[in-house]
Amino acid sequence: MSEAGTRATLRARAYDLLARDDSGPGARAVRAALVLLIVVSVTAAVVKSVPQIGRAHGNLLDLVLLLTTFGFAIEYGLRIWIAADNPGAAGAARERLRYLFSLPGLVDLIAAIPFALAPHLGLNIDWLDIVPIFKLLRHTAAFQFMVEAVYSERRVLGSAAVLMLALLVFQSSAVYYFEREAQPDKFGSIPEAMWWGIVTLTTVGYGDITPVTPWGKIAGGLTAVMGLCMFAIPVGIIASAFIEAVRRREFVDTWNLVAKVPLFRMLDAARIAAVAGVLRARRAERGERLIRKGDQADAMYFIVSGEVEVDQESAAPKGRLGAGDFFGEIALIAERERTATITALTACRLLVLHKDDFERFMDAHPDLKQAVRDAAQRRLKEINAA
Amino acid sequence: MSEAGTRATLRARAYDLLARDDSGPGARAVRAALVLLIVVSVTAAVVKSVPQIGRAHGNLLDLVLLLTTFGFAIEYGLRIWIAADNPGAAGAARERLRYLFSLPGLVDLIAAIPFALAPHLGLNIDWLDIVPIFKLLRHTAAFQFMVEAVYSERRVLGSAAVLMLALLVFQSSAVYYFEREAQPDKFGSIPEAMWWGIVTLTTVGYGDITPVTPWGKIAGGLTAVMGLCMFAIPVGIIASAFIEAVRRREFVDTWNLVAKVPLFRMLDAARIAAVAGVLRARRAERGERLIRKGDQADAMYFIVSGEVEVDQESAAPKGRLGAGDFFGEIALIAERERTATITALTACRLLVLHKDDFERFMDAHPDLKQAVRDAAQRRLKEINAA
Amino acid sequence: MSEAGTRATLRARAYDLLARDDSGPGARAVRAALVLLIVVSVTAAVVKSVPQIGRAHGNLLDLVLLLTTFGFAIEYGLRIWIAADNPGAAGAARERLRYLFSLPGLVDLIAAIPFALAPHLGLNIDWLDIVPIFKLLRHTAAFQFMVEAVYSERRVLGSAAVLMLALLVFQSSAVYYFEREAQPDKFGSIPEAMWWGIVTLTTVGYGDITPVTPWGKIAGGLTAVMGLCMFAIPVGIIASAFIEAVRRREFVDTWNLVAKVPLFRMLDAARIAAVAGVLRARRAERGERLIRKGDQADAMYFIVSGEVEVDQESAAPKGRLGAGDFFGEIALIAERERTATITALTACRLLVLHKDDFERFMDAHPDLKQAVRDAAQRRLKEINAA
Amino acid sequence: MSEAGTRATLRARAYDLLARDDSGPGARAVRAALVLLIVVSVTAAVVKSVPQIGRAHGNLLDLVLLLTTFGFAIEYGLRIWIAADNPGAAGAARERLRYLFSLPGLVDLIAAIPFALAPHLGLNIDWLDIVPIFKLLRHTAAFQFMVEAVYSERRVLGSAAVLMLALLVFQSSAVYYFEREAQPDKFGSIPEAMWWGIVTLTTVGYGDITPVTPWGKIAGGLTAVMGLCMFAIPVGIIASAFIEAVRRREFVDTWNLVAKVPLFRMLDAARIAAVAGVLRARRAERGERLIRKGDQADAMYFIVSGEVEVDQESAAPKGRLGAGDFFGEIALIAERERTATITALTACRLLVLHKDDFERFMDAHPDLKQAVRDAAQRRLKEINAA
C-alpha cells in the first residue's frame, strides 16, 4: 500500500475513534479519555480560583492545566487532520477550513492555548481556563437534543423572545418612573431597573432592589404574574421539543435493533421502520420466565436492556444474551415449538414482535412476503441442520 | 406438624403481614403501627432540637426515642428472618445477606441503633435520630413511582444533569470573573460563585450574593433565563414519567377488579387485560339510580369507590355493595330484565362493561366464546335455583 | 292554593334564584348582588386595616360591614329555608341540618355574625371580618374545577404530599445539623430550619435564612434542585386534572346546545352525546359569509359565541341569531338549497354538524333513523307551510 | 385614470406595504424600517434615563426621539389614510374612526406626539417616551398568538384570576393578623401584606417582608405551596393554548404551500386542507440525495426551509429551489422515472405527499379524480413538449 494510502487508512481509523457515533470499544475509550481530560482541566481551573488553594498549590495546578492544554492541542491537531473525512466532503481543504471556523473548532482552538501561562506573562486572561467546559457539550446527548429542540422551534422562540424583551423594557420603565424619586440609588435609570425586571420576571427575586412605592409595588406584582405566564411559553415549547427529540433518538435505536436481525436484512429503511413501528414494549422482572421450552411460538423478542439466560434443557451449556440481542425469531416464519427456556437474569426491557402483527405487516406488503419466506426457510434449514 | 414446619408457617404469616402488597386488614394494621412508630420517632427528634423543649423534656424525649428504636430493632430482626421468603429466593441465607446490604436494610439497621444514648456517652452523632424518616418511604407509593420514573428515564436525566452541571460551572465562572474585584468577599472563588449559580438557576434567589457590576448583572440575567429553560426539561421528564407510572398502577388495579369476577376466572392475564381495556369510566352522583328493576340489562358495573344500595323491591332486605364489588354481570350472557334496583349511596366511580363491547371481544376470541357461555349458563342456573 | 302550597311555591322560586345553576336573568341578578355584597364587605375589611383610614373613617367602614353582615344574615336564613328543596332530599329537617353543618353553611354563619362590633365590645376577633371572601368561592367556577381536580387525584396527591413532607423534614434536619453552630440564631432548631426548607423547596427563596457553611450550601443546593423536581409532580397532576375538569364542563355545554335542537329531542342522553361527539369546531371572522342563499345545504351550525345575521334576501326583515342558537338543521334531512344568506356580525365560534357525519351516525343507529326522518319530514312540512 | 382612481390605487399600494400579511419584499422592507424606528426610539429613551448619559448627550438623544416621533407621525397619518381599505369596510370614514379609537390607533397617536419636548416645557411626562415599544407588538407573532390564546381561554382564565385574587386576599389577611404586632412597620395593613402575598404566591420571594412569628411562618409556607399549585393552572392553560395557536398558524402555512401547486388550483379550500392533512414531515441533512434521476417516482416534495440543487445530469445548468418551492409533482399522476437528481444543499425541512396517499384521497373524492387527471395530463404534455 502506498504511503498516502496508509495515511488515509490511518486517518479513517482516527475518524472512527474521534468523530463517529456508535463506534466500538476503542471509540468509547477515546471518548472517556477526552471527557476525563476536560473534567480534570475544568476542576483544576475551578479549584485554582480558591485563594488559599491557589496560593498553596498554584504551580501544581498550572502544571495540570498545561498538561491538559497539551492534550487538547493534540486533539485539535487530530480533528483538523480528520476533518477531511467528513461525509459529503467537498475537498479536504474546504472541510478543514469549515472546521477551523466552526464554533466547536474555535472552542477547541482556545482550549489548546496555554492560558495558564498568562498570569506569569502579566496577562489577566486566566478566565479562559474555564473554556474547555464547552468541549464537554460535544459528548453530551442532552445538549444535542437541546440544540435540535431550539433549532426546530427557533421561529416561535425568537418571536417569544422579542415579546419578553418588550415586556421587560416596558415593566422596568414603568417601575423606574414610579420609583426613581423614592430610591434614586436603586432605580437610577431604566437599565438599572431592567436588572430588577429580569430578576422578577424569572421569579428569581433576589430582593437587592425592590419597589417601595404603592404604584411601584402594583406594577411589580403585575410583572411577577406576567413573568410566570410569559415564561411558561418558551419553557413549554423547549421542554416538549426536547422530549420529542429524545423520542426520535429512541426510535432510531429501535430501528437499529431491528436492522440487525438477519431476517430483515433485505428490507429497506422505510420497511424496517414499519416493522419497528409494530413492536410492543414489555418489562420483565428478575427471574421471570419469558419462553418455556415446548410452548407454541408466537413472538420474537429484542433485548433493550438487561440479560437473559438461554437453557436448552439438554447437555448443551446455558447461554446468555444481553442488550442488542434478540431471540425467538423463528416463531415468525414457522409453526414450531420453543427449543429452549429463556429466563430473565436481571430486570429487562424488551421489545416484542408478535407473529400476528408481523403477518399483518407481510400481508400489507405482498411483494416482500415470498422473499422473506424464502430467506426464512433457508435460515430454518440452517438451524435444523446445525 | 414438625417444629420446622410450624416455624415456616409462622414466617410466611409474618411475611404476609410485613412485606406483601395488597394484604388483608391484619397487614394494614401492622403497616399503620409501623408508620405511627416512625412518625412518633421523627417528631420526637424534631421537637428535641428546640433548645427550650430539649432542656425541659430532654429525658422524656430520649425515652420515647429509645422505645421507638427498640420497636425498629424488633422490626429489623423480623425483616431479616422473613427475607428468606422473598420470591425467587436462591436460598434463605443469600436472601438475608441481600437484605442486610440493601439500602432499606441499612436504613433499618441505623434506625435500630439507640443514637439517643450518644450524647450521654459524649458522642455528637444525634443527627442520626432523623434517619427513621427514610423508613417512611417504604410505605409511600409516590416515592416508588418517583424511583420508577427516574429509573426509566435515567439516561436522559443523566445527560441533562451533565448539561446543567456544565452550565452551572460556566455561568458561575463567568460571574466570578466579572465580580471578583468588586465583591472579593462574596465572589471570592468559583466554588463560592457556584452557590450563587445554583440559587439562581433554580430561581430560588435568596439574594445573599448578587452581582453588582453591569457585566455581572447581564451574565446573571442570562443565567436566570437559562435556568428557567433548562430546568424545565428534567422537571417535564420526571413529571410525565411519574404520571405514567401512576397510570400503570391504575391499570393494574382495574385488572385486579376484573380478575375477581367469577365469569372471567378462566381467562389468562392477557385476556383479562383485553377485557379491562374495554371498560369505560363513569361517575355517579349520590342518589343516582344506576339500574332499575325490570329494565333491559345491557352492561355490568365495577365499583371503584363509593357505595351502592341493592333493593330487590321485595321482602328481601336491602343490600350494600362497596369498592371492589361488581353487579349486573348476568347482563353479559343472557337476555334478562334487571332483578333489582341499584342506587348510589355516595358519589361513586364506576367502570362499565357494555354488552356490545363484551360481545365484540368474544367474537375476536372465538375459542373462548363457548367456554365463557358454558360457565355463564352454569352460573345463571345457580342464580335461578337460588 | 293553600298557604303551605304558596309557601312551597315561593320556596321553590327562591331555590331557583339562589341555588340552581343555569337559571334565567333573575338568578343572574341575585348572584351579581351577592357577589357585590361580598366584594363590598371584603374591601371594607381590607381598607379598614390601613391605620390612617381606619382611624379617619373607622365608623363608616364599621357601618358598611354591619350592613353587609345583615345582608349575609338574610342570605343565611334563606339558604336554611330553601335547603329543604335540595335534590335527593330525605326530608326537609335533615337537609337543613346537613346544610347547617356543611363547610359552606358554617362560612355563611360566620359571615352573618356582626364581628365589626367586636372591638367595641373589647374583643380582638376582627380578623373574622375577612371570612366573607370564602363565600365568593361558591360563585367561582375555577374553585369548583379545582376541588374536582384535587378530589379525583386525591390519592396520588396525598402520597406526593407525604413524600414532600419527608423530604422537607430530612433536608431541614440536614441543614440544621450543618448550620446550627455557625448560625445558632437562625438555625436554632429543626422547626426553625423547616421554615428555611419550605421557602427553598418552593423556590420562593426570601433570603432571611440561608446556609453559610460549605456543607450547608451543598445540602441547600440539593434541596433547591429536589424542590424543583418534586413540586413538578403535584403541580403537573393538578394542572392536568383541572384542564380535564374544564373540558368535561365544555362537553356538557355542547351537549346542552345539541339537546335544544327540536330534531334531537327524541334522542336519549347517550345518543345526544354521540351526536355532540361528531361536531367540529370552527371560527368565523367578522363579515365572513357562512351560508349563501341558493347553495346546496350540507351542514347545520350551532353558535357558541358571537352573532350572525340572517338575510332571506326578500322583503322579510333581516334577523339575528346569537350564542346558543342554531341554523341550517334542515340540511341534515332534506336535499334543499339554502333559503337565506347568513353572515357573521362578530367573530364567532361555531360547531358544525356535517350531513355526512350525521348520516353515518344514523346508519349506526338504524332504530332511530326512521323516527328521526319522520320527525324531520313533519318539521319540513311546517317550514314549507309557513 | 381619474385623480380619485390614482389616489385609490396609491392607497391600495400603501395598504399592501403597511397592513397586509405575507406581502412581497417591499412590505418586508417597510416593516423592517418601522421596527428599526421603534428600536431606535426605545433605545434612545432607555439610554437617556441613565443620568450621566442624559446630562452629557441629552440634546442629541432628544433630537433622535423627535426624529423618530416624526417618523411615527407620518406612519400614523398613513394608517389613518389606508384604514379605508380594511376588509369588510362599512365606509371609509367609519373604518378610520374605528382605527382612531382602537388600542393600536391610540398607541400610534401617543407615539406620534413629541414628548421629548415635554421637559423643555416644564412637563414631567417623559415616561411616555417608552410608549413606542407597544408598537412593536404589531410586528410580533408571539404577541398575536398570546392574545389569541388568552382570548380563547378567557372564561377559565377569568375564573382562575378570581380564585387567585381571593387566595391572595385571604392569605395576606391571615399573615397580617399573625404578624401585625410583631412587625407593625412591615405588616401594617392588609394592602401592605398583599405585597408580601403576591411576591410569595408567584415564588419571587424578594425577602423585603417576611413573616417572623411561628403562625405567620406556617401560613406563609402554606401560601408558597398554594401559590405553586394554583399558578400552575393559568400557566398550563396559556402555554397549551399558545402552542395550539402556533400549530394552527403552521397548518395555514402548509395550506398556502399546497395551494400554490398548479395541480391543486382547482380544489376548494376544504379540499386543499384535506390534501395538506396527508402530508408527512421529513428532514434532510446537507448533502442528502432526495431524488435520483431514473428512479421510480412515488412522491412529491414541498420545501419548508432550506435549499436543494436540481441536477438534470445533462448539458442543462444546475438549478436551485428554496423555501416555498416544490418538486416531483408529476409523480402523482403518471408512471414515470425521475428526470433529475435532487440534492439538499443545506439542512432542509420538507413535506412529502406520497402517491399512495394522494390516490387514496382521489378515490375518496371521485368527482375530482377525472378533473385532476385531465389537468395533470395537460401539464404533462406541456412538460414533454418543453
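Worth pointing out:
The first chain written gets the first letter, and so on, giving A, B, C and D; residue counts start at 1 in each chain.
To be clear about the criterion, a contact is a pair of C-beta atoms (placed from the backbone, for glycine too) under 8 Å apart; a residue touches a chain by one contact, two chains touch by 3 or more.
The structure presented is a predicted model; accordingly, all values stated were derived computationally and were not measured.
The pairing of subunit A with subunit D is characterised as different-residue: of all residue numbers used at this interface, under half are used by both copies.
Each chain's centre was taken as the mean of its CA atoms, and the one lying most distant from subunit D is B. Per-chain CA centroids place subunit B at a distance of 44 Å from subunit D. Centroid to centroid, with C-alpha atoms defining each point, subunit A and subunit B lie 31 Å apart. With touch defined as above, residues shared between interfaces to two or more other chains in subunit D number as follows: 191, 203-207, 235-236, 240. Residues 42, 45-47, 49-51, 127, 130, 133-134, 136-137, 140-143, 145-146, 191, 195, 198-199, 202-208, 231, 234-236, 238-240, 242-243, 246, 285-287 of subunit D are the ones touching subunit A in the complex. Interface of subunit C with subunit A (complex): residues 203-207.
Residues 87-88, 155-156, 159-160, 162-163, 166, 169-170, 173-174, 176-177, 188-191, 200, 203-207, 210, 214, 217, 221, 224-225, 227-230, 232-233, 235-237, 240 of subunit A touch subunit D in their complex.
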